[in-house]
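Some structures are shown below for you to check.
Paired with subunit B in one complex and with subunit C in the other, subunit A is shared by the two complexes that follow.
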Partner chain A sequence: MHDAHVQPRPLGGRILTVPVAILTVLTLVGFYYIAKRYFFGIGAVANVNPGYPWGIWVAFDVIVGPAIGCGGFAMALLTYVLNQGKYHPIMRPALLGGLFGYTLAGVAVMIDLGRYFNSMNLLLPWHLNTNSIMLETALCVMAYVAVLWIEFSPAFLERFGLSKLRKTLERFMFVIIALGVLLPTMHQSALGTILAVNESKLSPLWWTQLLPVLYLISAVAMGYSVVAFEATLVSRGFRLKSELPLLSSIGRIILWLVVAFMFIRIGVIVLNGNLGLAFESTRAALLFWVETFLFGAAIVLLSTDRLRRTERYIFLSACALLLGGTFYRLDSYLLVYTGSPGWRYFPSVPELMITIGLVSLHVLLFILFCKLLPVLSNPPRQAAEAHAS
Partner chain B sequence: MLLASLLRANGSHSLPATESTIGGMNRREFAKFCAGVAATMGLPQAAGLRMAEAAATQARPPVIWLHGQECTGCTESLLRAEHPTLESLILDLISLEYHETLCAGAGHQAEAHKQKIMQENKGKYILVTEGGTPTKDNGIFCKVGGKTQVEQVREAAEGAAAIIAIGSCASWGGIQSADPNPTGAKPTQDIVPGKVVVNIPGCPPNPYNFISTVLYLLTFNKPPELDEKNRPKFAYGRLIHENCERRPHFDAGRFALEFGDLGHRQGWCLYKIGCKGPETSANCPAIGFGDVGFGSWPVGTGHPCFGCTEKGTAFHKPIHSLATVKTLTPPTAFPTVEGAKGWPADPAAVAILAGIGGALVGAGAVAASRMRGTPADDDDTSHPKS
Partner chain C sequence: MSIDRRAFLAKSFGGFAAGTTLAAGEAQALTLARPDKVASPDAVGILYDSTLCVGCKACVAACKAANGAPAVVPATLADWNQGEWDSAEDLDGRTLNVIKAYVNGTREVKDRETDGFAFVKRHCLHCIDPSCVSVCPVSAMQKHPVSGIVTNDKDACMGCRYCSYACPFGVPQFDLTQAYGRINKCEMCGHLQAKGGIPACCDVCPTGASLFGKLTDLQKEAETRISLPAGTPHDFPRGRLGGDRPANPGQTANYLKKVYGEKDAGGTQLRYIAGVPFDKLGLPNLPNHSFAATAEGIQHTIYKWFAAPVVLFAGLLALTYRSTRKGNGGAGGDAPHSSEKS
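This part shows the complex of A and B:
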């Protein structure tokens, strides 16, 4: 897999396109409200309250964000741990997605924490509460963000021709890659553990002692899905040759992950005798069926070899799975989570705009990095077609 | 023979010299303490000075303390007084001559001393009764030195300058007077009709209500202003409900409905789980217990008041039963405990979320519709490689 055409290179082209302009405006709006939050406090922009001390910033930016950013982790698992070198071409864009997913989750935490400056205590060992599951989550995210930047740094070094430094880095890269697999495993499961200690606040349709396992499996499945999602959209958007053959084989992995996830998820509910809750007319039951439908759709769309080799169904299954995983996290952290009875929560406009701004920044940076740095390695479609014909 | 007598050498009897102390307090501190007592009793500041002088200069009045049907909780409560402490009370302010719990002597010796003091100080000593007095079957249920409690109380009351009934048992009969009252327990007042008995009810009463009353007696040679149940008005002039720190919750309709529920954990009004504060007069919320600061009283710690200072409430009404609200009856249409809190959904926020949802579904559908619906391999076979 070291042919000339798999060597990543910057896409180049015009920087200021219509999507870039729109994303920039949305990002600026988000940052206006972020500035407001730092000058006037969280209460001035967010609807979080004593009953719902965490809102959409945590549930979406911090919990869903890293799961969508799991592409780098999932692909590293495949490329390096299972030594499947053929996936190298989609490794770097996957890393890039993870890079921003995790970094912006870290940024979102700093926006969400009332006394964000106290987070420096996380770096002072004598202040650590080693019994806290939050501590593991925080330290893993911080370490993994650093690891991701180092893992991605060859793109910078190649771009600026620092080949000597790159060679030096190459010698230690295996340690970084190993950490890049270990840390998300700990962190993604820890996000489930946070809920596992909150049994009384969660419907039995979600709560189980196996929440860490379910969170990890679904995060890996979402990681592969985001790779498939990203790769299909990037090849279309930038008019590059499709990575479909690689995505098809990933599709098989996704299928088995989702099947395992659903088997454990539904199995636990049935074994605990809680299936009846799914047939009550409650919000929890409705959301449970929305999730089940989305995960089920992903399974159906990936079920046969023929479907897995079709771009449209790979894309749709990735969408279904990403949505399902997003719902699974939003439901368990916000929509069916009852902090204190009597309280209600709906995100405010400024709160939403901050999240939208961060997501826009994510996409914006992804596009700019692809244009300016060696990230993508698939050849332009016309060249490929010319080559083919 | 008495603890007081044994320790007497330790105490000083007169105040004037600056270095002499009363109860471990110097002159200045003691004057301040008396001013504080006067203030809590609603007396002018000059009364505080008079109290300090009276306590320091007058001969300490002998006190005879009788125990009847009770748990000694009142004495226990007094032991925990900090300003002044019990020892400065019994060594410097009064001369505690007979007290069955604190007596150093015992048996005939103690009884003989009591008789001696009562004869020598006829018309000058203070009688304190702690506990109810059984009257059924000639009062045989409680005897000390061969005499029934009825006889003890009547004998001691005869020559007393003032009679103080400390605690709910001595004031109203207490727990043993609850139905069916097998011993015919009665309050001190019923045993000595015609005499003024100052009631300091409570189970136990706040020691400062007792000490303040004693200081007042020493200073003015008469009991403080009393209410219709002979309780000092400075301490029992107001309902607990009036000064309760949880009163705003009552007025706003926020009630704990059972122990440990949301309202209870939030520190809401305990009326609906049987708090008798609305019908009980006492200064508990104002001065607390144990000198540990704000909130150190039953309601402050989350337990409903059970009405120990009120005749016919404690031991007569079940703890869980509703109090008779004397001031304002709560309306039936109070806001509910589980009312919605937090902000409703902003239509703009809903629109943004709906817009994002719609845009995602739309974009996904358009993207999917433009993609190949057949496997790439089929395509490859139709365009063979060159």
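This part shows the complex of A and C:
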């Protein structure tokens, strides 16, 4: 049975389905507003303002997106570093999710940058400010996007029968895979360090010197969750055999990561004597409890072997954790960020449509790649059942 | 072998994350921050005395003129004001300086917190250890080593607005109305100073509420004013402290016994004195250390000598090398040796 799903193959099938059509329309609407942004400026489409310079394009597309795209990173960690070959069949879809998560975060950056041509300066040594955490993040993310494409490239090479090139690539692949773990470790923690400067603008329920640690752990946990999430959807959506046994072992890892995250986070709040802030009637306190509930739910849903062996609970816990991690990021970057007095921020419709367009493009490309390239390796459900009986 | 791997992971991956920051212990006493930077002995600055300000906004108009910034009209006034009258209500991409009013209750007495009112001038504080300079990835934000003036170079700036996001005072503003805008902020009229002049806002201020000078002199002047009992006759210098303009003879107000910016956020080169608590005027209550120092301290602890990433990378290389050679894991999201196995 193990052998039955070793070799990934393209799914084939019709390209133009109803979901594909809907996603295409949403993507096009997004691109209409993107064009508008380039012709008339950020202010013409977005509600970012003098008091809130960063909106959802940063908080969601650039910060949450890559965390959801951590599937490739988390699985590489398991498959290659811990040498757990059994996780292999979900490696490619995980990489593919990361590929688009990161690439589209890069696209979102180019939409959000006010003077995008000058982003060239990130590559000119005399312009670099090594104190800037954003510099580290930007360079790491750029490098990682390249790494992801190379990691995924065997799928292309196989599809187009370039086996010689693939052999050569294989020889150096271990370097790429090592980079594929190193770079996300660096920039996922750095996404937390970016907020370190905001001591006065961020509630102590979020701000701590350990922000990089919390961001890193939660990113890895989100990475595993997204793998569990995607694998379930993929096996249902494309009617393939479920990857439940693999997901169950992943569930264990997710559990310990979330426990560590909660332990550090709450511990720091208590040690610094800030727990009282969680019991005030503020937006920050409310959001803190929303996050705590979601992370807590994930822990409960994964707490016993029996629960971890049920596809539904694995899926629910992955959802809870993805939502919790998303809130953690949105809250600390935007929802509890203290803007200048007198200003408010709520995204405009065009601003939202750009984000929705990019997410649609992500899902769209994922579906198309699965159909056209050797990504998935689960056998169809019927075949698997026949095989088993 | 899997024991090795786990041990390695525990040591380096976990260590990279937790170990490097473990020293924090997180209690504020155990901070990772580097020491704050100190002001240059020749730093220049502005002293803004809220009690002298009459709210005429001459400085706002002069600032716009001196810096070629267009008028700003809020949407609510657009039906009768086509831009003849600059009415910016806050700092924005075209407004480097703004006068705001604090009002309370019956608004009877100037510089009184209850049933009173007060003015405040908002522009860049030219922090001694500025967040904006620290966070800018492409070194577009610069602090002059001698004068301490903080400037933005639009040819370097990529418009990420991290400086706006991180400035404790919300100062740098990106002009969002342009297709290809830029960051605008007070640069203490460096172009006028280069020609021997003084900042336009101080130049036009009729009362001396905005006073330009050497930072150390300004601090002394501020301390003198707040130490005098309210109502003491005092000659308030105008334009440049130590310049030859006739002073504004008046009386000291009922000052709070604090010079805002002396220590706040590690110190600033715009200093404030006032009769109404500073946070009421929109100047946040801040700790006496630089946020840049904290952020850089954390970052450089993690990346000290770049050792952690190098060690981690070396370890990862060893593991992935073994993994791919033994055919146990496989490369590139696939099993290169799967054909042998199946």
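In this section, the second predicted complex is superposed on the first by the 385 of 389 C-alpha atoms of A that agree within 3 Å, B and C clash if a C-alpha of one lies under 4 Å from a C-alpha of the other, contacts with A are read in each partner's own complex, and residues count from 1 in each chain.
Please note the rule applied: a contact is a pair of C-beta atoms (placed from the backbone, for glycine too) under 8 Å apart; a residue touches a chain by one contact, two chains touch by 3 or more.
As the structure is a computational prediction, the values presented were derived from the model and not from experiment.
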| item | value |
| --- | --- |
| Clash-or-fit label for the pair subunit B, subunit C on subunit A | clash |
| Partner chain(s) touched by A:Arg312 [first = subunit B, second = subunit C, both, neither] | first |
| Touched partner set for A:Gly342, first subunit B, second subunit C, both or neither | both |
| Which superposed partner A:Asn131 touches (first subunit B, second subunit C, both, neither) | second |
| Comparing the two partners subunit B and subunit C, which touches a greater set of residues in subunit A | C |
| Partner chain(s) touched by A:Glu170 [first = subunit B, second = subunit C, both, neither] | second |
| Touching partner for A:Gly51 - first (subunit B), second (subunit C), both, neither | both |
| Which superposed partner A:Gly69 touches (first subunit B, second subunit C, both, neither) | neither |
| Partner chain(s) touched by A:Phe152 [first = subunit B, second = subunit C, both, neither] | second |
| When the two complexes are fitted on chain A, the stretch of subunit C hitting subunit B, from 7-15, 43-51 or 169-177 | 43-51 |
| Touching both subunit C and subunit B, counted on subunit A across the two superposed complexes | 49-51, 340-343 |
| Residues on subunit B engaged by subunit A in the complex (per definition of touch) | 262, 337-346, 348-350, 352-353, 356, 364, 367-377, 383, 385-386 |
| Sites on subunit A touched by subunit C in the complex | 3, 6-8, 38-43, 46, 48-51, 53-54, 72, 77, 79-85, 88, 91-92, 94-95, 112-116, 118-119, 121-122, 127-129, 131-136, 138, 150-155, 158, 169-170, 173-179, 181-182, 185-186, 189-190, 193-194, 196-201, 208-213, 216-217, 268, 271-272, 337, 339-343 |
| Of subunit C, residues touching subunit A in the complex | 1-2, 5-6, 9, 13, 16-18, 21, 24, 26-28, 31-32, 90-93, 131, 133-140, 154-162, 164-166, 168, 170, 173-174, 176-183, 265, 282, 284, 286-287, 291-292, 294-296, 298-300, 302-303, 309, 312-313, 316-317, 319-325, 328-336, 338, 341-342 |
| Residue ranges of subunit A touching subunit B (in the complex, touch as defined) | 47, 49-52, 232-233, 236, 242, 244-245, 306, 309-312, 315-316, 319, 340-349, 351-353, 356, 388-389 |
